[in-house]
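Presented below are the structures under discussion, each in the form of structure tokens.
What follows is a pair of complexes built around chain A, which joins chain B in one and chain C in the other.
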Partner chain A sequence: MAWEYYLVVMLVYLGTDLLAVWGLNLEFGVAGVANLAYIVVVAAGAYTYAVLTLGPSSNLGGFQQYIGGFTLPWPLALLAGAAAGAVVGTIIGITGLKRLRQDYQAVAMLVVSLMVATVVSADVGLFNGSAGLALIPNPFSTLDPETARWAYVGLVAVCCVLGFFVLRRFTTGPLGRTLRAVRDDDVAASAMGKDVIRLRLLVQAVGGGMGGLSGALLAGFIGGWSPSAWVYIETLAFLSCVIVGGIGSDRGATLGTVIVAVLLLQGVQFLPQFPSSPGLSEDLGWIVLATATIVFIWLRPQGVLPERRPRYLGKAVSPPPG
Partner chain B sequence: MQLFIEAIGFGIATGAVIALGAVGFSVQFGISNILNIAYGSLMTLAAYVGLVLINHGVNAWVALGLGAIAIGVASVVYHRLLLAPLVRRGTRAIAMVIVTVSAGIILQYVIVAIAGPDSQSYGQQSGKTFRVLGLILSAGQVAIIVLTAVLMFGLHLLLTRTTLGKAMRATSSNRTLARSCGIATDRISDVAWFVSGTLCGAAGVALAITTVSFDFSLGSLFLIPMIAAAVLGGIGQPYGAMVGGLVVGVSSELAAAYSNPNYKEVVAFAILIIMLLVRPRGLFGAAWSTRRLMEG
Partner chain C sequence: MGPAVLTVEGLEKHYGGVRAVDGVSFNVERGSITGLIGPNGAGKSTVLAVIGGYIAADAGRVHLDGADITKMPMHQRARRGLVRTFQMARVFGNLTTLENLLVAAPQQRGERVAGVIGGRRSWRRQEGALVEQAQGLLATFGMPTKADDLARTLSGGQKRAVEIMRALMMQPKLLLLDEPMAGLSPSLTRQLEDVLLGLAQQGLSLLLVEHELDTVERLCATVVVMAQGRVLSQGHMSELRLSREVQDAYVIG
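For the complex of A and B:
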């Protein structure tokens, strides 16, 4: 059934997008690190999952080259993907520690994203260069195709539920309030004895881990992964979900993912196709997404479901300017 | 040795184009304090405006002038209609970057949607080459280097010899103080965005003239080298950006000549990241520019 297949693809994409958007919202919305290199942690997870499950690169006549090449069971490979995301996220986070203006920090991260993509595309020995990796094993390939598809949806759902519980540990309670304090005024927070550097790196690791898991799940489902899947503007897609939904709000990020990733980007696919320009709907998708981002920053910077400000003595704390 | 000299020659030609763009970027940033990532897409737009003009039989150098002015105007409109209102609403710097990245993406994909994803060419490569001090340069490259030198000298005269230039420098170093001295800073802002757009447009058309073919990614490929050059020279400082452009151009071409050519862009990336992390005020930066780069 075509529609059933479409539904499965949508659900898997929604799940992996949710994990990534939650991770980015933790970094950007809750902790205030504008990580424009976020897609790199997703790629790290995907490549790690791929090389740990593909087996030696001499397989199938060695038509693709890559480092490593193991045949680990898929749960271990998924965990390793998340771990790789956490490590790469922490390394990227180190670039963000310097007390630069926030917009400079964002550009430094953007450049990190471009640089990693250039190196991975150019170095064929690493992950098969710009052609990318193919035939990444699906965890449920032994089952019949239809059951395997729904089993994958189940796996993604389980990961999302686990991911959400991990996320809530960091966005709520004392730790959540501390992170928001660091975001709003890091000098004041460190004056109160909070270790700003440790907290920022912690968030980068957790956010990176969620991104890595998202990438690993995506690679296992699609079966392929190449640099064209993680160009820097993909980060903007996640960021757009966060901004539309509500910066710093978990419910907002969730709603934003549904609105942007599902309604907007899928809606564009249903527009009439012009045979003269086959790539038009994809181009239009980016135009719609970027426009939505600007419109929200202009008209409703707090998003559809804004972050709840804490109340003390019955009075809401005023949001920071801007 | 031959390889070295050739790389230097190419580096100077590339560096001239980067310097043009970087100076424009720097002038605009100095005055408006906005990191305009859409600059690369404006450059792409310039190349396509030039293409349309040349296809209508306009001479390449006239097309360069017209393209430059068109982008200058587009740049003013873009600032007036999108960025300035957002700044007035108190949008934070980080959100402004996201806006300019988004604006750049919109412009780039509108160009793709209209002009198509195929590569384009101005289709006129003069075969004539020049030998200057052992460097071999094509006629187009020599013309671009001369053009850059002329435009840079013109900008120098504008900034140092005219009242307008003085007002621009005053606005750049302290906007509030400049306004209280009676300088119409909003109008100066318009002028800065126009000058910046003009240089951006000139760089875009010049780039399209010297390369064999180009596509919609032209500007985004050159954006980072231009920002690297601007930061290297100390952001907001046009003279630094000129030197920065040459340094970035020559070092990228040397890296391409002596290692994997695919790593050419990585040099500019690395320069930018190292400069931002180690010496964000630039090589010859003054203390005030450091303060601006830190938070607040």
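For the complex of A and C:
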């Protein structure tokens, strides 16, 4: 049934978006690293999953080229996707090692994102260039289609639960507090004995791992992955989820993903179509997203569900507006 | 009194042709309060920044407790007990006052990978002890009701107090204070002076950059006078006030 297929697609997208937004919120919202190259770790996970499950490139008459080419079991390929995200995230993090101010860091990372996309599009030998990879195996392809679809939803749900569990270990407790201190003032934090570089790389690795897992899950579900799936603007969509939901707040990032990635970006698909301008609804989605982000930055910078701090005299505090 | 806790030898820092710090040497004795004074632009804050590791020296050596720390990054100096406060208080604005203090505690289990894997159970006990210690400090500084306020909502004087409490949470050997009295009311200044004197009596060593000469005279056993990047003179404030050289460089009120 069409609506059921649509629901499955929505749930898988929601789950993979959640993993990515949680990872970016850990990096940007909690630790203050403005990683505008975040989508690159998602791509790293997706490509890794693809080349580890596709088998040798000569298999299908060699119609697509790529490095590697293995037939690992899918759970291993998913883990490898997460690991690839962690490694690539750490490498991206190194660009911010010099005491770059956050705005310069953001620019440096945006450039990294553009450079990687250019190289991967141009070098056909890597991941089949701009055409991308197709026929990426679905883990449940042996089941009947309907069961396979819901099995995939289950897999994504399990990954989300595990991902959230790992995430909370980093955003709460003494470590989460120290990361937020680094975000608020990195100089003061290092004057208090905090190894800011090590902490930032740690966060880049963990956030990268979550992004990589998100990409691997997407590639296995869609069955294809190409540079058009990870243009730099996708990072901004994740960033909007963080800003609308509440910077530094895990609950906020979750709600922000539901609002931005699902309600806004999918909602516009239901608007009446104009045959004269076929791409209108998608463009409209970006316009609505950008507008919502700006409105929040102006009027409610703390987001819908602001970061809350533990209280010792009573219950948790929320920041005053402004 | 043992060997000096801090030894600064021939420190130099140039910015283009400007010699901001030009061969500065002095010691800070253990358990003493040493003042660093001089007119605006004398290079006091630069010296403090070089000692703290925020700025790299062009020449010279800094020893803490006999160990050469000249090339050590800031966070490692802090872990060895060299703790500084800033001229403009730098609190972690989106953390509560109490959390600002807790962050500063060294060797927290919950900050490490072991704590991430072990979860709350592995650090709960240590955390409880730290919370008690922090609440004790807040009471001492007269801010027990501010524990749960976000630090960015505090007044300027309260932020400065948070900086000093935070430094004390680190159990420092040597405290570098950059104009801790600036902008404080006279009564708060007196209170802070008493706190600093008490700390020195407990064996803490302090190096204090301060404009308020009366404060310096009340607190500091030794005073180092800087002008134009050099050490002009050092000794006790009462002697220095009489020195013609110092009077010329630093119009003493």
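Here, the second predicted complex is superposed on the first by the 308 of 322 C-alpha atoms of A that agree within 3 Å, B and C clash if a C-alpha of one lies under 4 Å from a C-alpha of the other, contacts with A are read in each partner's own complex, and residues count from 1 in each chain.
As a working rule, a contact is a pair of C-beta atoms (placed from the backbone, for glycine too) under 8 Å apart; a residue touches a chain by one contact, two chains touch by 3 or more.
Please read all numbers here as calculations on a predicted model, not as lab measurements.
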item: Touched partner set for A:178, first chain B, second chain C, both or neither; value: second
item: First (chain B), second (chain C), both or neither touched by A:125; value: neither
item: Contacts of A:291 with chain B and chain C, given as first, second, both or neither; value: first
item: Which superposed partner A:145 touches (first chain B, second chain C, both, neither); value: neither
item: Which superposed partner A:248 touches (first chain B, second chain C, both, neither); value: second
item: Contacts of A:283 with chain B and chain C, given as first, second, both or neither; value: first
item: Partner chain in contact with A:107 - chain B first, chain C second, else both or neither; value: first
item: Which superposed partner A:194 touches (first chain B, second chain C, both, neither); value: second
item: Chain touching more of chain A, residue-wise (chain B, chain C); value: B
item: Residues of chain A at both interfaces, chain B in one complex, chain C in the other; value: none
item: List of chain C residues in touch with chain A within their complex; value: 52, 54, 73-76, 78-79, 83-84, 86, 90-96, 98-100, 102-104, 106, 108-112, 115-117, 119-120, 123, 127, 131, 135, 145, 147-150, 153, 166, 170
item: In the complex, chain B residues that touch chain A; value: 35, 37, 82, 85-86, 89-99, 101-103, 105-106, 109-110, 112-113, 116-117, 224, 227, 260, 262-263, 265-266, 269-270, 272-273, 276-277, 280, 292-295
item: Residues on chain A engaged by chain C in the complex (per definition of touch); value: 169-170, 173-175, 177-178, 180-181, 183-185, 187-196, 248, 307, 309-314, 317, 319-320
item: Residue ranges of chain A in contact with chain B within the complex; value: 34, 36, 95, 98-104, 106-108, 110-112, 114-115, 118-119, 121-122, 233, 236, 239, 243, 277, 279-280, 283-284, 286-287, 289-291, 293-294, 297-298, 301, 321-322
